[in-house]
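Order of writing sets the labels: A, B, C and D. Residues in every chain begin at 1.
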Amino acid sequence: MIAILKRGTSAQQAQHLIDWLKNMNLDVHVSTGTEITVLGLIGDTSRVDMELLSSLEIVDSVKRVSEPYKQANRKFHPNDSVIQAGQVSIGGGNFALIAGPCSVECEEQIIEVAQSVKKSGANILRGGAFKPRTSPYAFQGLKAEGIRLLLEAKKATGLPIITEIMDIRTLDLFEDVDIIQVGARNMQNFDLLQELGSTNKPILLKRGLANTIQELLMSAEYIMSRGNENIILCERGIRTYETATRNTLDLSAVPVLHELTHLPVVVDPSHATGRVSLVPPMAAAAAACGADGIMVEVHNNPSCALCDGAQSLTPVQFDEVAAKVRRIREAIS
Amino acid sequence: MIAILKRGTSAQQAQHLIDWLKNMNLDVHVSTGTEITVLGLIGDTSRVDMELLSSLEIVDSVKRVSEPYKQANRKFHPNDSVIQAGQVSIGGGNFALIAGPCSVECEEQIIEVAQSVKKSGANILRGGAFKPRTSPYAFQGLKAEGIRLLLEAKKATGLPIITEIMDIRTLDLFEDVDIIQVGARNMQNFDLLQELGSTNKPILLKRGLANTIQELLMSAEYIMSRGNENIILCERGIRTYETATRNTLDLSAVPVLHELTHLPVVVDPSHATGRVSLVPPMAAAAAACGADGIMVEVHNNPSCALCDGAQSLTPVQFDEVAAKVRRIREAIS
Amino acid sequence: MIAILKRGTSAQQAQHLIDWLKNMNLDVHVSTGTEITVLGLIGDTSRVDMELLSSLEIVDSVKRVSEPYKQANRKFHPNDSVIQAGQVSIGGGNFALIAGPCSVECEEQIIEVAQSVKKSGANILRGGAFKPRTSPYAFQGLKAEGIRLLLEAKKATGLPIITEIMDIRTLDLFEDVDIIQVGARNMQNFDLLQELGSTNKPILLKRGLANTIQELLMSAEYIMSRGNENIILCERGIRTYETATRNTLDLSAVPVLHELTHLPVVVDPSHATGRVSLVPPMAAAAAACGADGIMVEVHNNPSCALCDGAQSLTPVQFDEVAAKVRRIREAIS
Amino acid sequence: MIAILKRGTSAQQAQHLIDWLKNMNLDVHVSTGTEITVLGLIGDTSRVDMELLSSLEIVDSVKRVSEPYKQANRKFHPNDSVIQAGQVSIGGGNFALIAGPCSVECEEQIIEVAQSVKKSGANILRGGAFKPRTSPYAFQGLKAEGIRLLLEAKKATGLPIITEIMDIRTLDLFEDVDIIQVGARNMQNFDLLQELGSTNKPILLKRGLANTIQELLMSAEYIMSRGNENIILCERGIRTYETATRNTLDLSAVPVLHELTHLPVVVDPSHATGRVSLVPPMAAAAAACGADGIMVEVHNNPSCALCDGAQSLTPVQFDEVAAKVRRIREAIS
């Protein structure tokens, strides 16, 4: 970590700061130029509060040279992590094709969709049981019953399942769930992250709507610092000024994350774009830039309700997406 | 709620949708023009999933005419709400001057700051006990001990206290806290909001980093829908591309919220700007545009550590801010 | 166009507005519900100032049903436009592989790069002669001399050339340039757009840093409304809060634009990401989601200077990108 | 300027870079730590292309210690600049109360508004003659005739006038205009800026929709570097994800700019918010945080058309705003 002191900092002020830093078990390498003084901090700087340091009156700016995350950092773990969800491997060349309905609605629905997407090549089944909704008056999901139905679909198809947790007090319900999803709104629910860090479940961690790539990695670090290294990162669109799509899918995050971390990265084009017609091209683009998987919403027609017509592909559309993704993965390999 | 159907929608498709809407106990008023068809939905549309509806293939767009929040809505509650925190009233012309250190660090610190800010006119004491930190390796606050020290300061000065909750499982610790703060990162932690809705504690709800004003009101609605109407909203800066300030303080949110809701609105210029020198002018601006209070960080010198030098005013600086805010409030009254 | 009137609008106020709209040669279809009144405006609504209309006191909101652009609109021109630049076709299945240095620096440089990228499959040569620079003290390009050197490279290789115009007063210099580029900062320089609309040159119009997709189309419309329909749109990253990349490449804009307009869409991953290592994956992703071309910066080693090391690929790297893009285009066809 | 080299940079690579920097007439101070190497660049670094430097493969990051603007920099010009527009001074304690209609529409309108706002205390008259419009089909202003009418109003009231230039080729028309406005969309139209730098007219430079505070200062520097130091900066809202207001008024920019530059800063709450009801509170907030002026839209009733009902205050509303701003300025003085 480098701290640049402002012009006009007195020797005494600088020394005060240096002493404080040394108290934190850091070595401080001082370089005094004609105009400015640069402090090089050596040691475990992950405990240094960068925002605090940079807001001190005598400090012009602070620059991390080493990243603040360790266990998620590719520098200390050069090989791709491969996460195991049931029989399915994710990362290190293994592609996760995750598909299923937005919400679990009834047994018939979830089993039909599961069988259909499996046939098209999906290797993991998704489905919402606990649904985070902006409005307290909107449907909040089938909750425990939704998880039960997902487990039925798992039994029927053999597909491992992924579903979202919202409240740590419901953790027991996820015992047979293969991957626990942390939604975008909970990406910085640190207590939830720490509790999940004490399990050994694979966690799919979605990037928050307005969170940076580094903050996503710091949230992964929260989980890993408690011992659970089974993390899959998920890019699902960020909030920008553009309104033509629900969010702006930041696909550059895929290669950026691959440089910074060994964890696998999947992409959710359904939630990012919010429109069926954009899912196939963005799924293809995700595969082309090296994503380790995609997660898409698929619904089977009107067996349950109009309710999943939203951003979901039909089984036929999904079949085409799956085939195209396979061809692209061959083209880039 | 208005739903505009796409050109080319068949009569049968339109009827299918109308039937579905009527099943939700809505009256549907159909207006067919030469080019498009407009459906007017009448009844309790707060249960209608607008995102779903607008994503249906035949729907061009959906427009709410009535807001999706009810209890927070000024239309149904024209008079300003006045929230009571101990002896202090907030809203409806009553100004909350909330001050205190970023983190509670030791008894001497919190009591000294409390006495000092009280003398300058502060009527509520703030202090962090549970600290949400981006990094798992950073100081997370004194936790239960921090709340104990805040209560000591309350006893010593008579000031009501406000501090942040991060995990609903710690709610018992907040029994004697006067106002519970929900931080920006938890603004859409819906399970937390619902639990707080079952208490009768005043809640200060901070706007999330990338949340709209309407989403803030929907989160207030989550709390209110469970029965707790004692809510104070807080603007604390939003995330934009600008890097000269930590966040961009959206002061227009103050008059916008005053139009939309009866709940009081306070402004936190310390976290929004992240720089001491910007706190006084932005505190003044907040008062000038009609905020019902401000919340600022104040530290007493080096009794504990260098650690709170950050975005905090000194007691002397705070005294000047408090005086200026009083003069501005007189000027606009 | 639909205008929704606020509750409480008097019949007289509504009539005043209706008369005003009729004066603009619009038919107005009034639909009065129990709570609100909806006006359907029929006729040439492209002249209606939507912002003005929606800001009137009695108007709740305004919604366009038909897009405000006509000549760029796919509805009125269902087939893809194919733009001709010299012998090269762009759009409608014809892919533009545009490559070259950031700045033209000397004859040797531009000719070497041109020969090299041609060999790798590029069909258009790019190079900056007039350089928009944030700082008045930075190198502003070789200007007229830069264009002269590009024309030398065109002569040597047969490749059509593209370069940026900044000031309409220099238009004469572009007589033999094959495609004139309008940079992101000039996307809403309306006088420049109109002048270019009076030429018959192909124009590559870059999306502004903070401009919506609709604004991009309106700027294309500015050019087309003067008679020049030879427009290529270019996505080059938008400004967001994320700092890991220079801008956020909004690849969803590619399929969105393909739905809305018949004009070809190319992607510039070099400027969007600002980092060499991200150009290959994002070029691949652009091809996968259906872009009609990519534009990438390529430099030949140190023959001129260190100065183009930036976001530019080496010829060898470009050769790999070109091959991968070809394979992906086959995979998705 | 500080350049931090990546770990693993060879001595030869570092030397190559150092030689290149020295060739630019910079002294380079090398500080080699155990992990990283820091280069301190001393001399005129305003010519160094920071984006280029930071994108070099061996460079981890670059940090300016001195700002890239000189003439706009408060460090080299500690006292506030006072800009003279006719008899009116702006800056250094002199407040500009700029008011007038969005567009000049007819002689009666502009003269009536001018007389009215003068009576309320306005000291500068604004009015649009050339109007930048997103759509080529929308009203583009009265152009030369609009300027003629503004000059009539100036003659009638003695108020200096401000109006926007869009195309440098129309500069002659602005001979008797007191302040030339550069609109947000042209903030980085560098050729326009340079031409205006060759005049001695006061320039009101509006911040672009997605431009940083530093970019605004660099654009001021473009004008100043050609000799014209009569610049007034204007904050008018930035583009964010929030849709409750047209743009997000970034009032923190006022004190930030006051720290960085000696140039006066005015605020335009009309365009920023787009809603009449928000103009009074935001005008008050602008005054409270130290703005050197405000610019607001005022229309006289329906003498000409419905057309300026938009974000404009009535004369009566403006009179109240003017009075409140005066009281706030007294309160903070």
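A few points about this structure:
Definition applied: contacts are C-beta pairs under 8 Å (C-beta built on N, C-alpha and C of every residue); 3 or more make two chains touch, one makes a residue touch a chain.
Keep in mind the model is a prediction, meaning the values are calculated, not measured.
Interface repeat of A-C: among C-D, A-D or B-D, over half of the contact pairs recur, by residue number, only in B-D.
C-beta contact counts were set side by side for B-D and B-C; B-D has more.
Note: centroid distance subunit A to subunit B, computed from Cα atoms, is 26 Å. With centres taken as mean Cα positions, subunit D sits 31 Å from subunit B. Averaged C-alpha coordinates give centres for subunit B and subunit C that are 39 Å from one another.
Multi-chain contact residues of subunit A, defined as those touching 2 or more other chains: 210, 239-241, 243. If you check the complex, the residues on subunit A that touch subunit D are 2, 4, 7, 29, 31, 33-36, 38, 40, 42, 60-61, 63, 65-66, 210, 239-241, 243.
Those residues of subunit C whose C-beta lies close enough to touch subunit A in the complex are 210, 212-214, 238, 240-245, 248-256, 259, 272-273, 277-278, 281-282, 284-290, 324, 327-328, 330-332. Subunit C meets subunit D in the complex at residues 16-17, 20, 46-47, 49, 51-52, 55-57, 68-69, 132-139, 166-169, 185-186, 188-191, 194, 208-210, 215, 218, 221-222, 225, 239, 246, 274-276, 306-307, 309-311.
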